[in-house]
Amino acid sequence: MSKIKIWLEKNMIILFLVILCVGFGLSNDTFRTSKNLFNLTSQMAINALLSAGLTYVIILGGIDISVGSVAALAGVISCIVGLKFPNMSTLGGIVIIIASAVVVGGLCGLFNGVVITQFNVVPMITTLATMTMARGLTYIVTGGTAVFGLPTVFSFLGAGRLIKNGTSPNGIIPVVTLFTIAVVFMMHVLLSKTVFGRHVYASGSNANVAHLSGISVKKVTLVSHVLCGIMAALGGVLVASKLQNGQPGACDGYEMYAIASTVLGGTSLAGGSGSVARAMFGVAIIAVINNGMNLLHISSYWQKVVIGTIILLAVILDMAQKKKKA
Amino acid sequence: MKAKGPDTMEPYLRVKNIGKTFPGVIALNDVSADFYAGEVHALVGENGAGKSTLIKIISGVYTPTEGEVLLGGQAAGIETPRQALDKGIAVIHQELSIANDLTVAENIFLGEEPRIKGGMFLDRKKMNADAQKVLDFMKVSIRAGDVARRLTAAQQQMVEIAKVITKETKIVIMDEPTSSLSEHEISSLFEQVAILKKRGVAVIYITHRLKELFMICDKVTVMRDGCVVNTFKIDGVTEREIVSNMVGREMKDYYVRTVHTKGREMLRVENLSMEGVFKNISFAAHSGEILGIYGLIGAGRTEVMESIFGARGVTSGKIFVEGKEARFSSPRDAIASSIGLVTEDRRRTGLMLDALVKDNMVLPSLVQHQKRGGFLDIKWETETAAEYVEKMKVKTPSINTVIRTLSGGNQQKVILAKWMIANSNILILDEPTRGIDVNAKAEFYTLMNAFVENGGCIMAVSSELPEIMGISDRILVMREGLISGELSHDEASEQGIIELASLHSGI
Amino acid sequence: MKKTFGFMMAVVLIAALFVLPAAAADKVGFIVGSREHVFYTLIEKGINAAAKDLGIDAVVLDGNLDGNVTSDHINNLVAEGCKAVALSCNDPGGTTPAMEAADREGVPVFTFDCTSTQTNVVKSFVGTDNVEGGRLGGRETVRLASAGAKVGIINYDEPQSCLDRRAGWEEIVKASDKNLKIIEVGNYVGDASKAEQLMTDALTQNPDLEVVFTVGDPAAAGALAAIKAAGASTKIIGFDGNPEAKAAMLDAENGRFWVSEISQNPDAIGRQITEQIAKYLGTGKVDSEVIMISPYIITKENAAD
């Protein structure tokens, strides 16, 4: 009995997700269709990538609020690059998209990391500046208009589906879902199974101790911000690929959803603890709420109120559990 | 209940048959003690003996499960810390509660600031004048207008005491007040305690340093496992008796020291200097040797050690490890040369408090034991952590326990294990037994001895004279950034060390 | 070193602000709703083109669709000595006091795209007839849908212009004798990706959705992605007339879905408002207090024009 209780206390978030799914499933016929569930996974993809990257910097005790803007910048740049290759193949399209993400996201992350580690500017302010600059750059490179005219293959990664059959001529499993699962899995393994990952936890848990144990906290911070930037950018290029065009206003405010998902997944804003896998439960909860409420035709205003409330509850719950432990 | 009368020998504070249980633990069991005005009454006992629980009950943090607290013969009725404060009970904590950015005067009058004509405006002039009056009365050289951050730990403690004096406090509980003070600062603290005593304050004094009892206390109550073992008048008891009461057995000498054989030179520093901190530090340390380093706070001991470890820069000088010159630009380089550092502040720089015992132990060794592709070797981690928990007798439910929940002594063992796992053969220990109890100290010394007997080299910094004399094969004394002398174990006397550490003699 | 570097950067940036060229022509301030929307950047183009022709020094600012920001801009433009101020009044409640204050200081106020009905200081308003645009969208919807079909709308519930479009669309669709069933796809809040999600969810529930009308082109782009992914055959009617809309309609594949577009004429709005201001500054009169630039329908046939 007490074992179940302990498990539940630790995994309240999973229980909550299950309750939400059952609730929406009972109140709406469409929700539980396999088609909708696959849609759900593709709707989770962007936020999943952003949250996976954010988990690293939040465990370090930092934050990155530039992810939404970096995503938009990478998105439009991938489209601008893509326009230069009108005869790209499917594989070529994927390469262009991923390469743009790695370069743009990597540079933005590197910028954040360098400013934070070399100039000792707090992450909140650094990434606030990057957020504004990246958004500005997005409008500069696009002139404020959408970047369009990309070949259809460009949208394979973001909108393509695999396994076609009679009832689903366009395919069942979203490519973006598989891609995201693969990337998030790698991010999870890197954090939980490698020495680098352990160094991230150590640096976030107590930077003094980490430094005195021979860990280069600066390097760990730098790499984590680069990873976070790349993840954000991957999210952004997937949006561009899905829409087959680059919207300069894309991903506005997505940082808030990503931070919320990460925190919902139990990553402490104080640093030192958290997990990519658990952040995915946070991502799922937010996606399920959005999707379920869309299907029930609940107004988007109320959706915001509901999500805000849930974030607050999650944090209060987290605090309560910490207090109990101490 | 005893008859109340005009008897002046009536205890001011009396705890009677106090019991306190937490879920699954009996923290206090039938504890009774009397505290008199104008008396310094020590509470001693190992960690977990119940001292902290008792003072938390007296100061209103906990309510007892059984028994009662009497104040001036009447039920005290203290249920919150605020009520305790209102009834004149003040606690000076181990971790000081000073607001760093406020001035000394603002700290002294925090929450009770004088106001102009009782209105809403702060009467800063009066506040500063009153504060200065108290500080002058205490004969300490602190100015009321100074910002608290600039003060030393000892001076901050004086501010705490000034607070107590201004508030006309009746009972002062001092929780390990000397743990971060140097010998010199301790004696000035004791002067203040004497002043409090003269003013008729009942002082409850908690300490791990038994020597201090004989310097300022009138009575001592020994606690063990949540019970009061004995209460002694200080002139009728010896240190050894107190110790045996604390541990429940006779202890001949708790500074365990075995004879080591000094081996080859492991580390040599030549003319190490850091502008304004230390200068021309030269010495060598050998395998099979515990080199003690003594000095008052501010003498530069910690800074020298941190520089050797690569955690601090130096302006000039050379470091040789096993005869070869080494340049350490970060702790990582020092660790690669098999040096380990146990810092003086476990909580801040020694441990990841919310991480597991296992994770703390293997942290510096992860890279060395990684599998291909940078993956963690979980099997190695688990086995090694279990092995060292066993070997070093760390009392922990498992290697997967959060280290915060362990006692200080066990935490310290984990830190030592961490460097042993990292194959360090030169260990720098900065105040290795600060804040840990007698039994744990003895165990820790045994571990240190085993380490040097196996060919290791230890440099131990300590502010505790008996400790440095008890454990060291050789003692370096530092004063104001310089090495002021070197003594062998047999040469060392308390007198001699203190003279080297504090007197200006011909250097 | 770092400090010096930071300080130098700041000095260079501030110095750059001072040496920006100052012109001598009549200065007129314009505040566009948001440079983040193509529509406003096209208006800005029209303004700049007309200003060049008319010899006006046009200062164009971005109001961020925020009444507070816009009010500050109005005050700054007045203080800067602009001879007139024109703004897209996206938040009438928030900007009206600043507009009236400008008027009291003798700076005439003009509006374009959106105006304020709460004050009478506006000398002239040039805008799209959004209700009429919505009606055009409604007619296209009725034309494209079969009798009894499901038709959807992706709306944006914050800007007045989008509410007007929706009202015009509903008026026509509800009055039609084809007995159409309206599906609320949802509020896309200006985010194309959000529109894609909403449309995906709507198609999961209503795979037989025949036509969707969107109140803005980003929503149409999102809907297009969703429709293609779902393998549906829903037709899209966009709104705005952005370049990507025309490109989509001309594209062999995308043109199968995105078949109609209600186009505004942002360039004409920008030119017209600038001309009215020039006229007012010259003669003290405008052509009319309200000048409506009619939207028009674009289909594959006239998209290339």
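A few comments on the model shown:
The chains carry the letters A, B and C, assigned in the order they are written, with residues numbered from 1 in each.
Methods note: a residue touches a chain if its C-beta (ideal position, glycine included) is under 8 Å from a C-beta of that chain, and two chains touch if they have at least 3 such contacts.
Note that this is a predicted model, so its numbers are computed, not measured.
For the criterion of most C-beta pairs in contact, the winning chain pair is A-C.
With respect to chain C, maximal separation of chain centres occurs for B (centres as means of Cα atoms).
Taking the mean of each chain's C-alpha atoms, the chain whose centre lies closest to the overall C-alpha mean is A.
Chain centres here are Cα means. That of chain B falls 69 Å from that of chain C. Computed from the mean C-alpha positions, the centre of chain A lies at a distance of 46 Å from the centre of chain B. For this pair, chain A with chain C, the centres built from the Cα atoms lie 31 Å apart. Interface of chain C with chain A (complex): residues 2, 6, 35-38, 40-41, 157, 184, 186-187, 189-193, 196-198, 200-202, 204-205, 217-218, 221-222, 224-225, 228-231, 242-244, 247-248, 253-254. Taken together, the chain B residues at the contact with chain A in this complex read 309, 311, 330-332, 334-336, 341, 343, 348-355, 359, 363-364, 366-367, 370, 373-376, 402, 404, 418. Listed in rising order, the residues of chain A touching chain B in the complex are 193-199, 201-202, 205-206, 208-216, 272-273, 325-326. Chain A meets chain C in the complex at residues 30, 33, 35-36, 39, 42-43, 46, 118-119, 139, 143-146, 148-149, 152, 155, 158-159, 161, 168-170, 174, 239, 242-245, 247-252, 290-291, 294-295, 297, 299-301.
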